[in-house]
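In what follows, subunit A forms one complex with subunit B and a second complex with subunit C.
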Partner chain A sequence: MIRFIAKRLGSGLAVLFVVSAITFFLLYMSSGSIARNILGDQATAEQVALKEAELGLDQPLVARYFSWVFDALGGNLGASWFTSEPVANSLASRIPVTMTMVFAAMILIAICATLIGVTAAVKRGWVDRVVQVGAIIGDSIPGFVIGVILVTVLAIQLGLFPATSTISPESGPDAWVYSMSLPVIALLVNGVTGGAQQIRSAVIKQLERDYVRTLRSRGIGEREILFKHVLRSAAPAGLTVLSLQLIGMLGGVVIIEQIFALPGMGPLAVTATGQSDLPVVMGVVMYTVGVVIVVNLLVDVLNGWLNPKVRVS
Partner chain B sequence: MKLGPKAAATALTVSAALALTACGGAANSGPAAGAAATALTIGTIQDVRSWDPAQAHVGHVLQPYQAVYDSLILREPDGKLSPLLATGWKYNDTNTKLTVDLRTDVTFSDGAKFDAEAAKANMDHFKKANGPQLAQLAAVQDVAVVDADTIDINLATPDPALEYFLSQAAGLMGSPTALGTEGIKTEPAGSGPYVMDKAGSVKDSQTVFNARQDYWNKDLQKYQKLTFKILADITARTNALVSGQVDATILDPKTGKQAEGAKMKLAANEVDWQGLLLMDRDGTKNAPLKDVKVRQAINYAFDRKTILDQVMLGQGTPTSQPFGKESGAWTEGLENHYSYDPAKAKQLLKEAGYENGVTLEIPGIPNFETQISVVKQQLADVGITLNVGAALTNTFTSDVAAQKYTTMYFSLFQGEPTVAINQIISTKALYNPFKNADPELDAKIEAVRTGGADAGKLAQDVNKYVVDQAWFAPLFRVNQMYYHNSKVDVVPQIQQAVPSIYNYSPAK
Partner chain C sequence: MSDSVETAAVAAPAPGTSTQPAPTHTGQSGTVVRSTVLRRLFKNPLGIVAMAILLVISLLAVLAPVLAPFEENYSNIAKTLAAPDSVNILGTDSAGRDVWSRLLFGAQLTLLSALLCAGVAIAIGLPAGLIAGYYAGKFEAVSNWVVSILMSLPGLIVLLTIRAAFGPSVWISMIAFGILISPSYFRLTRTAVQSVRNELYVDAARVSGLSDWSIIARHIFSVVRAPIIIQTAAIAGVAIAIQSGLEFLGLGDPSKATWGVMLSEGFKNVYLTPTLLFWPALAMALTIGGLVLLGNAIRDALEDGEKIKHRKKKATLEGSTAAPAAARPSRKSVAAVDAGTEHHLVKVTNLGVGYPQADGSIKKVVDDVSFHVDRGEILGIVGESGSGKSQTAFSILGLLPDNARIVAGSIQFDGNYTVAPGEELVSQARLSKLRGRRISYIPQEPMSNLDPAFTIGYQLVTPMVRVLGIAKEEARKRALKLLTDVGITNPERTFNAYPHEVSGGMAQRVLIAGAISCEPDLVIADEPTTALDVTVQADVLDLLRELQQRLNIGVILVTHNFGVVADLCDRVAVMQNGRLVEEGSVRDILRNPKEPYTRTLLASMLEGKTPMSMLVSRQKEPVA
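Showing the complex of A and B:
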């Protein structure tokens, strides 16, 4: 197991390196004169040249990339070209907001999707049909549309929640709960409906297997069969779909954070990319790749733990 | 059913995760916001990049600096320049030296004293720091301390906008002991009406200020607490305003309807003009544009009023001139210089020898798709084909400078005459990439630059020249839709989309 984790971590680092190189060179090629972007449309050519020297943009591209890599290996991700704020500080203040939201949504998705999926698979009949239709509807409405509807009804008309985030250093946990509620709901609707569908079909497939018939013939209760055997065998499919949803959510959360003005990774990513603020974009990309690698690793480990059949030696 | 060890472990993990999520907030608990009666919350589009006053900008991004930094000169809402840290100022006969008298009773928030040395230190720092508004002091050769409360600003060439600039970024005064340090980038040190509450502020989310206790000019300090809530997304700004989270913010004509439905008040103000920049006037890359008749034909092709009504919901004024109403260069006569006349447009094209049509290439502009499609249609009606290329990206300034575009649709700020000349008309202007020039025009520009107090009036000649020569095809000046609730009175500030911080006061 440890060897497996080490191997996966190793390949993760390789991915991180490759992605960082591709991002760095692509960004450089598409960003034109960064110094001019920073200084605005009234800057003179001398000003631009001065700024380029200040930012080290007059150095060769490859040299700049490796100096970034060595700094990053030493824990220094550099500072924003536009605000001079250290990238590590930006990430540290924003990752908790985004991750709190994503993980709250994921946990709720896991619980709701499992309950709904299993119920649909076991009961079948009209319950199943309602779940199926609900899944199509839920899947077809984008999260940000749900977000806008929620704000209009629950925040503006009924005043139950704040319309935009009230999270600040002086706010207590209640501000977090209130500010996060609507965005989390907006994020989880798609996940619940999609997840429930996957879990439903996985459970149905397991229920039709021979071992279930054997267990039943031995007089083992339906509940035990379901929770001890069927769910465990169906878990890998559910976990895989959940991990895909979590990774997809890193994109969806960008728009949700804009609508709710949450100080998370989304607005940082949008602003930095729009401005070609390379050090910040690199930081955001490293964070995203890091999350993807960790989530995939976790899913593999969990899968192996839950189901010895898929365990990798 | 008995829970197996794995199920129990899963349950534990889930509850631990939930507990952790809840804890994320607990550490941040603190005292609640107070002084509601005299608190003002403004929704802004972006956070400042650096609190170094030399990095201050114009428009949206000047306002937060005004909370913490006094400027040498105060610009009233109508554009009149009044004393602030400067008590008086006077040019010499050749307009090459501005002598400025300064207050002596002002201290900065870090305890340093404001005097002539401090003013000089600020202007020297501004010229060195390569900020986005460095051009404001481009004409300044050096600053000399005459005595403790007087400085001489020596100019290499006269600049009639200098006094205006001293009410803007170039006039903001920071503590001389903090200038150039790392600290001032994240925590301002000025002599202004408010001091930043660093503990309550979060980068790109909100910036909180408290009234400075011993501030010297109580007239400019109208609130106990001032908060800038950064709301980049216009939906978020609209929602925050109508739900009462912010007292004032900038919207657009469409979201403005929603704000009006919630009984918000509008402080409208014309700040920008929109239209075509016909930049290749020598026909370097697009030969027909060399002919003034073609450029005039383009101007006659537009039904400006209808476009304004349809696309901007009527929020603005149709115009044929690029200079703004408050600039002094604006004249009533040029307002409808090119009225909607498709027949005349066709006639002019025929006279120019282009009766078979002309083709223009413009880049697409995000958020201007509707305007551009209407412009394209109206040009097609007179026989001009408009090809819309790939949208502008963040490289557009360098692309414009590299003569990539012969024509473009744009929205541009209307400022003081020399500001506009430096932006769109002079050979050094970014939006004159083909460096079009004419001795007659050069003489008119030179007259403005050396014209001192008459600069505005002299710029009318420049305005007339570029309108007659159809350097541009302006469509309209657009209203900035600044909305606020009934708890606050807001006075619009000329040439600014968002008002200066001094223009807000508790509603009477």
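Showing the complex of A and C:
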């Protein structure tokens, strides 16, 4: 098991390295005269040259990449070109807002999608049809449009929830739940409808397996078969679905935060992108890819624990 | 061939059961399949609605320059946030631009960007998937690694990076997103190709000298075509959503009218004119919804095709006798059901099993079957695939598929009805008390009948704990003893092993141990040796006979093999097309078969030997 985890961890780090290299070269190769963008049109040629030297832009690209890597290994992701704030600091102050929201949505998706999906698979009939229709509707409306609709109807027109929120997790759970309900709902609707649909098919597939019939023939009760055997076998499929949804959500949360004016990673990423503030963009990419790799590792380990065949090989 | 194949076909999935497109069985007659799928698509109301929506939106997009009363960026500063009137039929936005015109130009850009994205994804994913699936090897390993990287990148974050690097351009961002999403085509194509690569007709094409590329073009494209269309509908929807999201953030091309920009414009003025939000949101939901519905409708059309094929196949198997019974079956003639006075362990009387069809009729797979089994006796049920022998066995166990109906007759176990005359379903309340305790089951395919996630020991111990109510430790001792009894030399090791760690023969012994673990009175064995090696088969049959004699249990042995019957059984029932053709002692029937069908079966077994080996050798050395 330890070797299995080590192997996955190694391949995760390799992915992180490759992504960092591609992102770095993509960003710095193509984005023209960075110093002039920062200084504006009035700057003289000397000022531009000075700025380039200051930012290390006169060094060759490869050298710059490796110095970025070594700095990053020491926890230094550089500083914003516009505010001079260290990237690591601005990320650290914004990550809690974003990640509490993402993980709250993920946990709710896992619970709701499993409950709905399993019910639809076992009961079939009308429950099943409702889930199918729900999945189509969920697939048809992008999460950020749901967010916009929620704000317009529930917050602005009915005044049930605050339309914007600057609340951080420290200000108490009640206030947090109240102000974060809408953004979390906007994040999770697509996940619940899509996830329920996938979990439903996974459970149906397992219920049709031969060993389920044999377990029945041995006198094992229907409930034990469902909760102990079928759900366990369907779990890897469910976990994969959830991890893919988390990856999507790390992007979707950027727009949701913009809609609800939340001081998370989203506005930071959007502003940096608009200004071509490359160190910040680089930091955001690295952080999200890092989260994805950790989550994928967790999913692999859980799958290994659930499925003895994976664990051995 | 086996009866469980038939069961699987009968239990065809309901429409929309799987979310994955089913790429199998499309066959070589690509054009024929496609035209029937198209016809079914046009019959499906959802499919028509979806196509109508997409057609209208495409037309509006194409005709945007003609239909739009204004330029996309023409602004009338004197008339901002105006309500709809005869000039601006949907009103104007905060810069006095015409909403209707911008909606039309937005449709153009949205559809084109979705097409570009899907095109790029297909151009990369399809060839890569074909090569990886057909040739496997290093290319597949490398591309799998690339796929795993691409799939761990959040789409919007990548697009932000691309925007920061290349500036605002719909086309560049859609090309990037096309690359990012190409793994979905790659994986779909690779899986489809892998499943077809070793099909006989592809082998035949290879042997007959066709080049790899013409094989791919002819045989493999026809398999992946439909799943790709379904996938494209989904991907176009995702592309529209993500592109609009990017524009909503204000990171799109400011000179273009897009739905995302319009939505963000409406959101900024949500306190003044919330209707500005409505139109772009509706346009997006309709377009993406149309694509999702279209994908679903195509998938349903394909799956219905599968079902019809299965049905046809079954109909030919069933032949004439079990042809679809007339509308609702005449409710069973209770008078004909005579429980009889003599006491048997199992008594099946005039049993009929059927499956309701889409047209309301019921197709019988078992018709008027009667037999009985006593303690200490082995009854063989013989017949070819589709003869209804497994269905008969599963009705005794109460483990028929959910949609099966008992259409006639009754089943008694030890004098009590498990299916009383007139009942449509097997009573689970009655049978769940008997299953495991008094009736048990040995399945055909050993590996798929053990839960891969639990140790063999767990799967032996739990039923004993549940059924006999004994302590775990005692159950463990009994399980080890049972494993020794069924001839496993190292029971400890097998007890602690997972199913994938033992051989097929060993797994079958484990299943036999499980079947006798709670000391049943009746064991139903469904082709218990078919999936095993010939050498192991004899051992397992010996084991069955030895256990049956020692424990004095009744056995129903379902098989297609008269050799097994001759070896093991006391009596034999011969089934054909759902009916019982002949029943009697093995000695009588082997020596003096009365029915022509029994004679044919016997003859095919006895005379089959020599020519069969010739056929096999001919198959192994193809005339290349």
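Observations, loosely collected:
One rule holds in what follows: the second predicted complex is superposed on the first by the 301 of 313 C-alpha atoms of A that agree within 3 Å, B and C clash if a C-alpha of one lies under 4 Å from a C-alpha of the other, contacts with A are read in each partner's own complex, and residues count from 1 in each chain.
We take it that a residue touches a chain if its C-beta (ideal position, glycine included) is under 8 Å from a C-beta of that chain, and two chains touch if they have at least 3 such contacts.
Owing to the predicted nature of the structure, the values given are computational and were not obtained by experimental measurement.
Of the two partner chains placed by the overlay, subunit B and subunit C both lie in contact with A:Leu306. Contacts of A:Val151 after superposition: both subunit B and subunit C are touched. After overlaying the two complexes on the shared chain, residue contacts for A:Gln258 are found with subunit B and with subunit C alike. In the superposition on chain A, contact of A:Val19 is made with subunit C only, not with subunit B. Of the two partner chains, both subunit B and subunit C are touched by A:Ser276. By the touch criterion stated above, A:Tyr211 is placed in contact with subunit C alone, subunit B being left untouched. Judged by the touch definition given at the top, the superposed model places A:Val285 against subunit C, while subunit B stays out of reach. In the three-chain superposition model, subunit A touches both subunit B and subunit C at residues 30-31, 148, 151-152, 156, 224, 258-259, 270, 274, 276, 306. Against subunit A, in their complex, subunit B makes its touches with residues 1, 4, 6-7, 14, 17-18, 21-26, 28-33, 46-47, 49-50, 57, 130, 132-135, 138, 185-186, 199-206, 208, 229-233, 235-236, 239-240, 242-243, 245, 262, 393-395, 397-399, 401, 422-423, 428, 430-431.
Within the complex, the subunit C residues that touch subunit A are 4, 11, 13-14, 16-20, 148-149, 151-166, 234, 237, 241-242, 244-245, 248-251, 263, 267, 270-271, 274, 277, 281, 284-285, 288-289, 292-293, 296, 397, 399, 432, 435-437, 439-441, 443, 445, 448-454, 462-463, 466-467, 498, 500-501, 511, 514, 518. Residues 30-33, 36-44, 47, 50-51, 54, 82-85, 90, 93, 96, 100, 103-104, 107, 110-111, 148, 151-152, 155-156, 159, 162-177, 223-224, 227-228, 258-261, 263, 267-268, 270-271, 274-276, 305-306 of subunit A touch subunit B in their complex. Taken together, the subunit A residues at the contact with subunit C in this complex read 15, 18-19, 23, 26-27, 29-31, 124, 132, 136-137, 139-145, 148-149, 151-152, 156-157, 197-198, 201, 204-205, 208-211, 213-221, 224, 229, 232-233, 244, 247-252, 254-255, 258-259, 269-270, 272-274, 276-278, 281, 284-285, 288-289, 292-293, 296, 306-309, 312.
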